[in-house]
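Read through the structures below before going on.
Shared between the two complexes below is chain A, which has chain B as its partner in the first and chain C in the second.
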Partner chain A sequence: MKLELHKVKVTDLKWGDKTLFDGGTLYVNKAEIEEMLLEDERFAKVSVDFAKPGESVRILPVKDVVEPRCKLEGENEVFPGFIGDVDTVGCGKTLVLSGAAVVTCGRIVGFQEGIIDMSGPGADYTPFSKTNNVVLVFEPKEGLEKHEYEAACRMAGLKTAHYLACAVKGAAADEVETYELPCFAEAMKSHEGLPKVAYLYMLQSQGLLHDTYVYGVDAKKILPTLIHPNEVMDGAIVSGNCVSACDKNNTYSHLNNPVIKEMYARHGKDFNFVGCIITNENTTLADKKRSSSYAVKLARLLGVDGLIITEEGFGNPDTDLIMNCRKAEKAGIKTVLLTDEYAGRDGASQSLADACSEADAVVTAGNANEVVVLPKMEKVIGFPEYADIIAGGFDGSLREDGSIETEIQAITGATNELGFNRIAAYTG
Partner chain B sequence: MAYRVVHYINQFFAGVGGEEKADYRPEARDGAVGPGLALNGALGGDAEIVGTVICGDSYFADNIEEAKKQILELIAKFEPDAVVAGPAFNAGRYGTACGAVCEAVANELNIPTVTGMYEENPGVDMFKKATYIVKTADSARGMKDAIPVMAKLVLKQLRGEPIGKPEEEGYIPKGVRINYFADKIGAVRAVDMFVKKLKGEPYTTEYPMPVFDRVPPNPPVANLAEATIALVTSGGIVPKGNPDHIEASSASKYGEYSLAGVESLSAETHETAHGGYDPTYANENPNRVLPVDVMRELEKEGVIKKFHETFYTTVGNGTSVANAKKFGAEIAQKLKDANVTAVIVTST
Partner chain C sequence: MFGKYEKYKVISNNKILEGQIDCLEFVKGDALSVLEKARDYIHQGWALLNHPLYGNFTPRQQPYRTILLGLRVSKEHKPFNVDLESLGLIEKSILKFRSGMPEGSKNPPRVESVAEDYAILDLYLVSVNLNRYGIKYDFSKAISNGINTGW
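Showing the complex of A and B:
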């Protein structure tokens, strides 16, 4: 499977009569987007705004972030099961508006949405202070159930991302990246002497708005399965999560999964990257046992020597992470785990809800309980009063002067467990 | 103006005497004494030892609360900006005193502290969370290596400079997770570590997992009617008045008490020493935590042969794993020596 990502760099956003791209600037027709989204009868109101790097702007409560992409060539369309049909993606050419993002913002669960600051100390913690954000703020029709509202917001983010990318078709790419991995028969014969490795990609699937979709299928209903990393780049995995903002994998980070990117970069040099296994994080013990055994069995069938395992979320999924690790190591497969920590505000508590001695190679995305003060921003997009009830915030988080005292847990993408950021932790 | 530092040392390093002078009472002297001279030099003029407080190790160990109070008063009189204690190397009582003094200074005077100890000094486990403990050799031969590290750490704190990782700064980890921004993103660090692990090269995990003992349960008691059963609790039930002063949290000891002739516990005879839960119901009827009444009934009914008439108790509230392990091993041995068949362990 071969996929070319045609990356067009967006360096600025401006309102325009027509949505188009010119000289690095993405012109956005606000009315057209609002009209398009209001076709969904579940919304009472939709407003579109911009948040650019360096501005004194705060966005909250943030639900998801999506990178604008669309297919240029090849089968189907991005976000299969939502925008595209359910057929296979991951081949051909895909247009990427790099440097731009669609941020969806709405009062869904409230305490499980996040904060994005475009400047100040909070900006250091979120990847989305560096993107030019088209922010969608939703208000639902009265009486709309939360899960319906979530589905509507999810769809609106994907639609807008696809709409923006489509408007840029024809623009010259600043950069073309090519990603290709062969079929297994060929992969197994290639790169003799290098260890065979795979990526075990854990997807949040605790349910009740803690959901991830694969080709439109709710991930808690899947058995672990194989996925080509290129499919992920075309939006085969979509976030439907309302969990703590810091370590849920928003759709943007699935599309740009840095583990996949880095494994591609080292493929053929340090190891033979044969593919990805996706698995879920269901809540029952039977599901956890079944999925961890099944995922490790797939790794054994592939005959890999090593697995990188990434977690999504924390607490309950820590047990899935540890089961995956222990079963893989017992099968002779070397593992490295990517997780984050909940070591308490003082950092003195045990970081994960589970542990095993086999987990001797762990990379941490930091302690999500660290408290920071986010100073007042000149402009707030969304609903600032939600600072008090966002996970990681606490009563009084939003101070009278407009600043927010909160755990970094409340910051979108702060401790992303795909290893998106530089943040880490040590024992001091 | 130079920062004011007070140095705490024991009778031996003060030149007062050895073990025969270990009951030496707290005393303050102006300026640096003994190892303080080298420390003063290492502080390099930015900070100065304005006074030294000396105490005998036995005096401290035998009169902890009183000694701490006296020492704190003597220290406070110098109006210090920071306190350095030791280094104590592998001297257990001295290490404990250094740690306790630093902890009290941090809590009461709210100023930076540093001490130094050998890794296996019992003071390390007790106080590593409360103060920076510089890792030293096991004897005074390590003095010249320890002093500059201790001086640097106290100066950094005084200047409000960030303290780096334990291996960079030379202190024993306090066990606190601290965030920082690494040079590379997590995914790149993970793949780097992965390649090293695949090649069998050394790598350092970023999160050393706590590893817990997994104790396989014993087989069930085959014949209860022939069994002697004991009670052990971490719920803190003690004879009224807590005669051995088991701490309400972070227990450093356990109690061993007779139940000979006791049919049932009562609010008049027993209470809980535990500080981690609402004690109302345990104090009202201590059998709720240590079910002596039920055990006696089972004994009378012949369900069990005998109720063991000694119970063991401690407080599991923040008590260190090291202490809990030690208590557990000792209690288990005593129960085995007394031919106890099985034990019921109750929590809070």
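Showing the complex of A and C:
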């Protein structure tokens, strides 16, 4: 499968009578977006705003972030099962508005959404302080159930991302990236002498408001399966997740999964990247056993020497992470784990809820309990009173002067376990 | 584990579940006391069926816990035949609740509207497990139960 990403760089956002792209600027017709989204009867009100890098702007509570994409060539359309039909994606040409993002914002569950600061110390923790953000704020119709509110916001974010990308069709790409992996028959014979490595991609699937969708299918209902990495770049995996902001894999980070990107970059040089397995993180213990055994069985069938495993979330999924690791290592497959830590504010507590001696190569994306003070911003998009109650915020965290004292758990993408974050450290 | 359990028990401090499930043992206390109650039953031979740290909350954040247990009754059954996997997991979870932020589980949610969010989200998450094992409950009734008790 071969996919070309045609990246058009968006350097500024402006309001316009027509949504179009000109000289790096994306002009946005606000009324048209509001009208399109209000077709969904679940919303009472939708407002559209901008948040650009360097501005004194805070967005909260953030639900998801989506990169605008659409197909230029190839079967189907991006975000299969939502925007596109359910046929296979990952081939042909896809337009990407790099440097732009759609940020969805709503009061779905008060305490589980995130903060994005476009400047100041908070901006250093989130990759979305560097993107030109089209922010959508949703007010639900009275009486709408929370999971319905989430579903409506999810769909609205995808629709808007697709709408913006479609308006830029025809613009010259600043950069074209090509991604191609051969079929298994060929892959197994390629790059003799290099270790075969696969990616085990864990998807949040604990229940309503904690779900991920694959081609529109709720991931908690799947058996682990193979997916081509290119399918992920076309939006085959969509976040429906309201868990803690720092380490949920928002849709943007799925689309730009740095593990996939890096494995492609090292493919044929350091190892033979043979493929990608997706698995879930259910709460029922029997599901955990079944999924971990099944995922490792797929890795064994592929005959890989190594597995890179990424987690999403913490607590319950720590058990899935460790089961995956232990079972793979027992099968003779070397593992590297990517996770984040909840090690207490002083960093001294145990980082994960589970552990095993086989987990001896672990990469951390940061300690979610670390406390930061976010100064007052001139403008707040969304609902500032939620700073007190979102995950990572605590009683008194919204101070009288408008600043916020919070754990970085509250910052969108701060400790992203795909490595799509801005925290890094080296140890000897 | 999906093999037959002759009996099920749901341990919870989530008040919107009160009166909604036949095998519910309602705990008047914090989340930690739910885990401790579940541990008592595990010592008596019950098996843990859902992960105690579900939901991506730190102990300080989520005041409600609902734990599902199953008991196999057979001729070979010995009352104190402890399922060590269940015991290990509940002990690890209790440690997690006690360490780091011990003040946490005792803090009630501050904002009333959020208390309802917490309770409903707990129901959302645990409903997956209840459905899986065929334990009957009335989802809508539980939700309206929450609203009617005046958050």
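Just so it is clear, the second predicted complex is superposed on the first by the 422 of 428 C-alpha atoms of A that agree within 3 Å, B and C clash if a C-alpha of one lies under 4 Å from a C-alpha of the other, contacts with A are read in each partner's own complex, and residues count from 1 in each chain.
As a convention for this text, contacts are C-beta pairs under 8 Å (C-beta built on N, C-alpha and C of every residue); 3 or more make two chains touch, one makes a residue touch a chain.
None of these values were measured; they are calculated from a predicted model.
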Mind working out whether A:283 is in touch with chain B, chain C, both or neither, as first, second, both or neither?
-> second
Return first, second, both or neither, reflecting whether A:315 touches chain B, chain C, both chains, or no partner chain.
-> second
Touching partner for A:363 - first (chain B), second (chain C), both, neither | first
Is A:350 in contact with chain B, with chain C, with both, or with neither (first, second, both, neither)?
-> both
When the two structures are overlaid on chain A, which partner does A:210 contact: first (chain B), second (chain C), both, or neither?
-> second
After lining up the shared chain so the two structures overlap, which partner does A:423 touch, if you call chain B first and chain C second: first, second, both or neither?
-> first
What is the contact status of A:271 with respect to chain B (first) and chain C (second): first, second, both, or neither?
-> first
Which partner does A:147 contact after superposing on A: first (chain B), second (chain C), both, neither?
-> second
Once the shared chain is lined up, is A:220 touching chain B (first), chain C (second), both, or neither of them?
-> second
Shared contact residues on chain A for chain B and chain C?
-> 343, 350
Enumerate the contact residues on chain B facing chain A in the complex.
-> 129, 163, 165-166, 173-191, 193-195, 197-198, 203, 205-212
Across the complex, what residues on chain C touch chain A?
-> 1-2, 48-51, 53-58, 60-61, 85, 89, 92-93, 95-96, 99-101, 107, 109-111, 113-114, 117-118, 120-121, 124-129, 132, 143
Per the touch rule, the chain A residues reaching chain B in their complex are 124, 195, 197, 258-259, 261-263, 265-266, 270-271, 305-306, 308, 334, 336, 338-339, 341, 343, 346-348, 350-352, 355-357, 359-367, 370, 408, 416-428
In the complex of these two chains, what residues of chain A are touching chain C?
-> 109-112, 145-147, 204, 206-210, 220, 243-244, 248, 282-289, 313-319, 342-344, 349-350, 353-354, 369, 388-389, 391, 394-395, 409
